[in-house]
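Several structures are given next for inspection.
There are two complexes below, and they share chain A, which is joined by chain B in the first and by chain C in the second.
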Partner chain A sequence: MHISEGVVAAPVLAAGAAAAVAGCAVGLRKMDYQNTPKVAVLSSAFFVASLVHIPIGPTSAHLVLNGLIGILLGWISFPAVLVGLLLQAILFQFGGITTLGVNTVVMAVPAIVCYLLYSRIIRSRYDAGAAIGGFLAGATGILLAGALVALFLLFSGEQFINVARLFLLAHFPVMVIEGIVTAFIILFLRKIKPELLGGDIR
Partner chain B sequence: MIEEHFSTGDSVIHRIDPRVRIICAIVYSAVIAVIGNLSIAFIGLGAAIVFVALARLDALHLLRRLLVVNVFVLMLWLVLPFSFSGDTILSLGPLNMTQQGVLYTLMLTVKCNAIILINVGLLSTCGMFNVVHALNHLRVPNKLIHLLFFIYRFSHVMQYEYARLTDTLKIRGFRPKTSMHAYRTYGSIIGTLMIRAYERSEQIHRAMVCRGFKGKYWLLDHFALRRSDVLAAGIMAAGAVIIIILQWKTG
Partner chain C sequence: MRITRIVLITVIMASSLAAHGVNIFTLVEDDSILCQCYYNDGSPVRNQMIEIFRTSGVKLLDGQTDDAGYFKFLAGVKEDLKVVLHAGMGHKAETVIKVSSMPEVSTPTAGKKSVSRKTVQTSPETTGLDEEQLRRIVKEVLEEEINSIRGLILQQQRSVSFTTIIGGVGYIFGIFGLLLYLRRRKQT
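Let's turn to the complex of A and B:
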């Protein structure tokens, strides 16, 4: 889920970069040297998990997990996502420097929305509630990210309207898979290590 | 999964100070991103190809990387050529492929690949540790540098942990399929990865406290800006200025 280099118009790139800088400033303020290792090692785990391909019918899709990132890291999602994307740009040539801002917004804003909407229900007493919260967090993360990509494309010019539609459509199956896997991860963490979901890091 | 093929080498590019390379990569990426004209986009691509050629990278590997990265561009080709009004060159039922649409999509393709090649030639050749070190010199916030350094360092550890987990799956005869069981298994695997990461980070934190970590890394080697670095910076800056002037003149 990246906006490629050289596609989006310059004002959109600039606005994305400004928003990413602001979000990172908030996130970095919430992170002190005490919890830096926790944030960092968990982010590395997310980085590796995002390389995992999950089968859907005849094809496969890779996980994004930005909903889960939001639940675990809260506002610190912003710098964590920024660094993850920078690593992808340098190591795998996915995305690049000029789109770093917009892509950070695309991933991190849904993460924070999920954090604000679902972190309470995920900690509820009932497993069913937590599972639903987990599914919604996973699905919302993808849906919002796809919607943001579509929106950024539309801001760049009307000619992108069909591309934006196609992009959004392509993400519906991924949305469902991501929701299911996120729900299972949440249930697993509740059983084995509930303090991870308790806001210990953010 | 995580490999750095382009970071090792002994080419002209690899010898340039990483700080210079990073700044030039940012400048060139930004300049190419705002190009609005096909022929100038090709000039940008030419500049990018020069950098990559000078870096003498493994061509086959580079092509394979480009192919993967161009998936988004492929999606643009499926839709964008049909999204413009103008001179029709091909009709498929209700869809009209127009010359304007094709030229526009071609421009985006050229720009996208030009920026990717700039990144490969100037950034990926640095190696992550040099990038972190250089960003430290370029006044990037200290906490962000910490995060970058840590995430890079431990992504390898986590990759190893993940490989161990999938090995245990293989031993138990797990086959990835489209089923709830498979999704639950992936959920548990990733959950385990998170927990291992968390517990590992506690050990790391204790180790750092033991060694009196106070938020500063002590560096043993430092970059030195040599005359050849200044020369390279000058040549690359001149190239960027030429592209800017051409773009400005054609409007």
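Let's turn to the complex of A and C:
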């Protein structure tokens, strides 16, 4: 789901980079001593998740975990995602340095949307509610990231509807898997470390 | 002899740019060029658009990869060719086939001349092969062997290794650790 180098036009890259810098600035302001280790752990989780490949039809997709990152980090998703993507670009040539901004936006904006939409239901008293919230967060993270990829590609000539439809078809199973994984992680965290879900999220 | 038909096989990977783990391996066989397209996990890039550009930037031809991720075409021209693979949804990879890697089948006159010159210096009746021919055969066989090994090494380099993953996680902790350290210093 990373956009490669040379696919999108320079103005789009610049806009993406600017948005990523702004998002990181907000995120870094919200990051303090208490939550920095948590950010580091989730950033690494994000970094590794992209290496879990699931072959689907003509392409292959991988876990993203941006819904989970959004729920746990809120605005700090931006720096966490940026660092993860930077290392993926350097070590594995996923995405690229010039597309770092665009890719950060693709991953982090859905994370924040998930945070705004579902963090309340995930913190509710009922496990079932939290599980549903977790599932929806995982699925929404992928869905919105796909929509953003399609949007960025729209500016570089590809037809939005075509790309979006292809993406939805290819990523529907990923959305389901990601939703289930996120729901389980949320339930697990509620049991062993509930303060990760509430408390220091602002 | 049929063996001579299969001798000239060159694997070139050289300047292949991997982008989001989409790779193109090109294989020059006589006058046709075979492109093998893979994702990072080794699965083939099926039914995706592939374009071939000439040095001047003009498109030579385009087509689709088959079910095995292969695309074969006849070059027809002797110059550097750029192969661009569009794997969809922002996946793209490109590689350049250097003219030097193409076999010298189209220039038979030059080859013959040097062979005839060399025969004067050697004694062909002992082996039935003159030095130049022998040298060429050995070189071709060696090249084939080396190329298969080179392909293996490149493939191994490309596949994501466990150590790199652990290294990446280490870097992430390092970056955040540094951030924490700098912030703490600023505050005190």
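The criterion applied here is as follows: the second predicted complex is superposed on the first by the 173 of 202 C-alpha atoms of A that agree within 3 Å, B and C clash if a C-alpha of one lies under 4 Å from a C-alpha of the other, contacts with A are read in each partner's own complex, and residues count from 1 in each chain.
Going forward, contacts are C-beta pairs under 8 Å (C-beta built on N, C-alpha and C of every residue); 3 or more make two chains touch, one makes a residue touch a chain.
None of the values given here were measured: they were computed from a predicted structure.
Chemist: Of the two partner chains, chain B (first) and chain C (second), which one does A:Cys24 touch, if any: first, second, both, or neither?
Modeler: So A:Cys24 only meets chain B here.
Chemist: Looking at A:Val39, would you say it contacts chain B, chain C, both, or neither? Reply first, second, both or neither.
Modeler: both
Chemist: A:Ile180 in the overlay: touching chain B, chain C, both, or neither? Say first, second, both or neither.
Modeler: In the superposed model, A:Ile180 contacts chain B only, not chain C.
Chemist: After lining up the shared chain so the two structures overlap, which partner does A:Leu196 touch, if you call chain B first and chain C second: first, second, both or neither?
Modeler: first
Chemist: Quick check on the superposed pair: does A:Leu13 touch chain B, chain C, both, or neither? Answer first, second, both or neither.
Modeler: Only chain B is touched by A:Leu13; chain C is not.
Chemist: After the superposition on A, what does A:Phe47 contact: first (chain B), second (chain C), both or neither?
Modeler: Both partners, chain B and chain C.
Chemist: If you stack the two complexes on chain A, which partner ends up touching A:Leu91: first (chain B), second (chain C), both, or neither?
Modeler: After superposing on A, A:Leu91 lies in contact with both chain B and chain C.
Chemist: Who does A:Leu72 touch here: chain B (first), chain C (second), both, or neither?
Modeler: In the superposition, A:Leu72 contacts chain B only.
Chemist: Output the chain A positions appearing in both contact lists, the one against chain B and the one against chain C.
Modeler: The overlap between the chain B and chain C interfaces on chain A comprises residues 2-7, 31, 33, 36-37, 39-40, 43-44, 47-48, 51, 55, 60, 83-84, 87, 91-94, 96, 163, 166-167, 170.
Chemist: Across the complex, what residues on chain A touch chain B?
Modeler: Touch list, chain A to chain B: 2-7, 10, 13, 24, 28, 31, 33-34, 36-45, 47-49, 51-52, 54-57, 60, 63, 65, 72, 79-80, 82-84, 86-87, 89-94, 96-98, 159-163, 166-167, 170, 177, 180-185, 187-189, 192-193, 196.
Chemist: State the interface residues of chain A toward chain C in the complex, per the touch definition above.
Modeler: Against chain C, chain A makes touches at 1-8, 31, 33, 36-37, 39-40, 43-44, 47-48, 51, 53, 55, 58-60, 83-84, 87-88, 91-96, 149, 152-153, 163, 166-167, 170.
Chemist: Which of the residues in chain B come into contact with chain A in the complex?
Modeler: Touching chain A: residues 1-4, 25-26, 29-30, 32-35, 41, 65-66, 68-69, 72-73, 75-76, 78-80, 82-84, 101, 104, 108, 110-116, 118-120, 123-124, 126, 128, 131, 141, 143-144, 146-148, 150-155, 157-159, 161-162, 176-178, 180, 182-184, 186-188, 190-198, 200-202, 204-205, 208, 213, 215 of chain B.
Chemist: Okay, in this complex, where on chain C does chain A touch?
Modeler: Where chain C meets chain A, its residues are 17-22, 39-41, 43, 45-48, 87-94, 160, 164-165, 167-169, 171-173, 175-177, 179-180, 183-184.
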